Amino acid sequence: MNKRIAVYRKEHFNAAHRLHSNLLNAEENASVFGKCNYPNFHGHNYELVVKVTGEIDPKTGYVIDLKLLGDIVKKEIIERFDHKNLNLDTLEFKDLNPTAENIAIVIHQLLSNKLDKRYDLKIILYETERNFVEFPA
Amino acid sequence: MNKRIAVYRKEHFNAAHRLHSNLLNAEENASVFGKCNYPNFHGHNYELVVKVTGEIDPKTGYVIDLKLLGDIVKKEIIERFDHKNLNLDTLEFKDLNPTAENIAIVIHQLLSNKLDKRYDLKIILYETERNFVEFPA
Amino acid sequence: MNKRIAVYRKEHFNAAHRLHSNLLNAEENASVFGKCNYPNFHGHNYELVVKVTGEIDPKTGYVIDLKLLGDIVKKEIIERFDHKNLNLDTLEFKDLNPTAENIAIVIHQLLSNKLDKRYDLKIILYETERNFVEFPA
Amino acid sequence: MNKRIAVYRKEHFNAAHRLHSNLLNAEENASVFGKCNYPNFHGHNYELVVKVTGEIDPKTGYVIDLKLLGDIVKKEIIERFDHKNLNLDTLEFKDLNPTAENIAIVIHQLLSNKLDKRYDLKIILYETERNFVEFPA
Amino acid sequence: MNKRIAVYRKEHFNAAHRLHSNLLNAEENASVFGKCNYPNFHGHNYELVVKVTGEIDPKTGYVIDLKLLGDIVKKEIIERFDHKNLNLDTLEFKDLNPTAENIAIVIHQLLSNKLDKRYDLKIILYETERNFVEFPA
Amino acid sequence: MNKRIAVYRKEHFNAAHRLHSNLLNAEENASVFGKCNYPNFHGHNYELVVKVTGEIDPKTGYVIDLKLLGDIVKKEIIERFDHKNLNLDTLEFKDLNPTAENIAIVIHQLLSNKLDKRYDLKIILYETERNFVEFPA
């Protein structure tokens, strides 16, 4: 019973964003990001899957209470990003391009601060049904 | 073979929007639309299902070529709304609140203009997996 | 803008049940319902889709606020049935066999009492991904 | 309790087909059906949803036993078409172009013969997740 | 062609359960498990994904015949748990709390006994669309 | 920011195939592959997920532009296999049995040739919703 097992919790949020990098000029931004660089933003229904790996607590049969995990995700991530403009309304993406990759890394950092160090944490983020990312790989 | 049959085509687009009605004041807008009224927009992956009802052409076995229907939808709807800010970037929602209901009616009007009158047209629009609309009912 | 349009809201609940009819004897119950008649219950993740048809309020662009509709569904249906044993824990199925058909009709009655009469109401209930019902047809 | 209610059963089959109409010449077939007309066939995972509408039997709480309906669908449809080449291996599409529209109508006829006349029957057939048909409309 | 490759098979079962640990008292059980601890059980449509990793047999092009794997899963897992009350009707969870974690580990043990040792086995179990587990991690 | 992250792109194609191994005789082929060995082919809607792992380019916030990755997949894989008969119309499966395992390995080889060596590549291929493979494991 001391082998490691992973548990997953899915949540979602809706946000506007625009891909634009401070390290590229206007022409480069338009060329690299295409219609994702349009100035007035577009948006997504982000599906967020949080994976927590650890050992089972023999008393409860849980790795972690998924309802508690869901509450942490709601407080730290959903309230922060849901129905927001990631570029304009958040500190995290004030100077960081809100690609799916960068959003996943930011979410990983925010949740790592709130979880016990005995857990391994992985973030899977769906920007659309066809485009998604996983951190760490 | 002269009974009517329906065919469906699914497409999608990503857009930013903000719910805000010109017929309500600021306080009413905030009260009615809550976080959907946040000033800097949020966004969605809209899933669009177009239903066309008609008779089968006995020569082809088709009601309508779904690839052609898909091309019409891409040209009239996806190019118009994909990666756009519905409130700022489109004529259709300059003065019309971009609720899912209103978006569905606008799409119905735009596609009706391009389809032969022998067809009946219905629009199903998913704003999220949990909230969707159908016009006409 | 005075044509009718339908809006849908999806919610879910998890419940145990057992198919057993008071109008059949034990042998008939076993024969008709098979393993769904096992005495110690089994269970499902019920997916509930509520369809409300009406006219758009021109002030808001809404038929009905789907968040308010979701709150009504949560209060009237989810709190009543979620994580319950339908046969043992609910008044509604004390003497009524909790088939998907009967659950849909009960939900329709419970929600009809809470919705303005200008709306038409339809219930779609998924017992599994492969078996589902719609009331009224 | 004498209102009508609909029940749905989902099944699936995998088949090869090629779109080709005896009423069109080779050039017209290539022009109308494009890559769907390629001579060596392609294929699909067809998802079949059968909708049966009727009254609830007060003794059982069922419109129709969905397991029995599933058995009829498996015997009449799945065994006939699963892992077959619709053009080469079936009598039904020997001279009929196997468009989704025509497949749905054939399935409707085959199942109508096996169901009591007190039921209304509708067929929904997904050729792909994006292209599907419904008969009758 | 001697690199390892993974194949997956999805099956499902419906069961009732209640979360309750023999190592906790009544008050602790109610506090830890909340409505999952309700005495009369609730239930789920469990989706089970079985992952088998091995080398391709060059004669067949298969790692393992997924139909045979499906038959093993049906015989060892589905027949044992489908339409059962996990707490009352199974030996495996007579003294073991039927959390998703513990169910996945039990399934892993039952299937390991039936599969050749040249295969690696992983179990992914969805309790709901939002809560799922993977063993081993 | 130098940790590795994975990005995924989903595409699909429809194809006919038949399982048949040159290393087995007719009787063995029929016995091993059952109805998948029927002579006139059947078919599938293949869902293809391409996973690319690498480091984030700090200038763009991308591991790889998923639109560019999609274009490579369309050019190298979809155009090659979509609406084709894998056994008859492709060089790759002229002498190789088109099992899901072998198709995934072929796709992996075709895409590896087109991607920079700094990336790790993994292929997930869904033959049906219930049967899928992953290479390398």
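In this document, chain identifiers A, B, C, D, E and F correspond to the written order of the chains, with residue numbering beginning at 1 in each.
Here is the rule we go by: a contact is a pair of C-beta atoms (placed from the backbone, for glycine too) under 8 Å apart; a residue touches a chain by one contact, two chains touch by 3 or more.
Keep in mind the model is a prediction, meaning the values are calculated, not measured.
In summary, the chains found to touch both chain E and chain F are A. The fewest steps needed to get from chain B to chain E, moving only between touching chains, is 2. Taking each chain's centre as the mean of its C-alpha atoms, the one that lies farthest from the centre of chain C is F.
Rounded to whole angstrom, the centroid-to-centroid distance between chain B and chain F, based on C-alpha atoms, equals 34 Å.
Separating the centre of chain A from that of chain F, both taken as means of CA atoms, is a distance of 28 Å.
Among all residues of chain E, those that touch two or more other chains are 129. The chain pairs satisfying the stated touch condition come to A-B, A-E, A-F, B-C, B-D, C-D, C-E, D-F, E-F. Here chain D touches chain F in the complex through residues 12, 14-17, 35-36, 38, 40-45, 82-85, 88-89, 128-129, going by the rule given at the top. Taken together, the chain C residues at the contact with chain D in this complex read 19, 21, 23-24, 32-34, 96-102, 104-105, 129-137.
Across the interface of their complex, chain A is touched by residues 1, 3-11, 51, 53, 56, 58-63, 65-67, 70, 120 of chain F.
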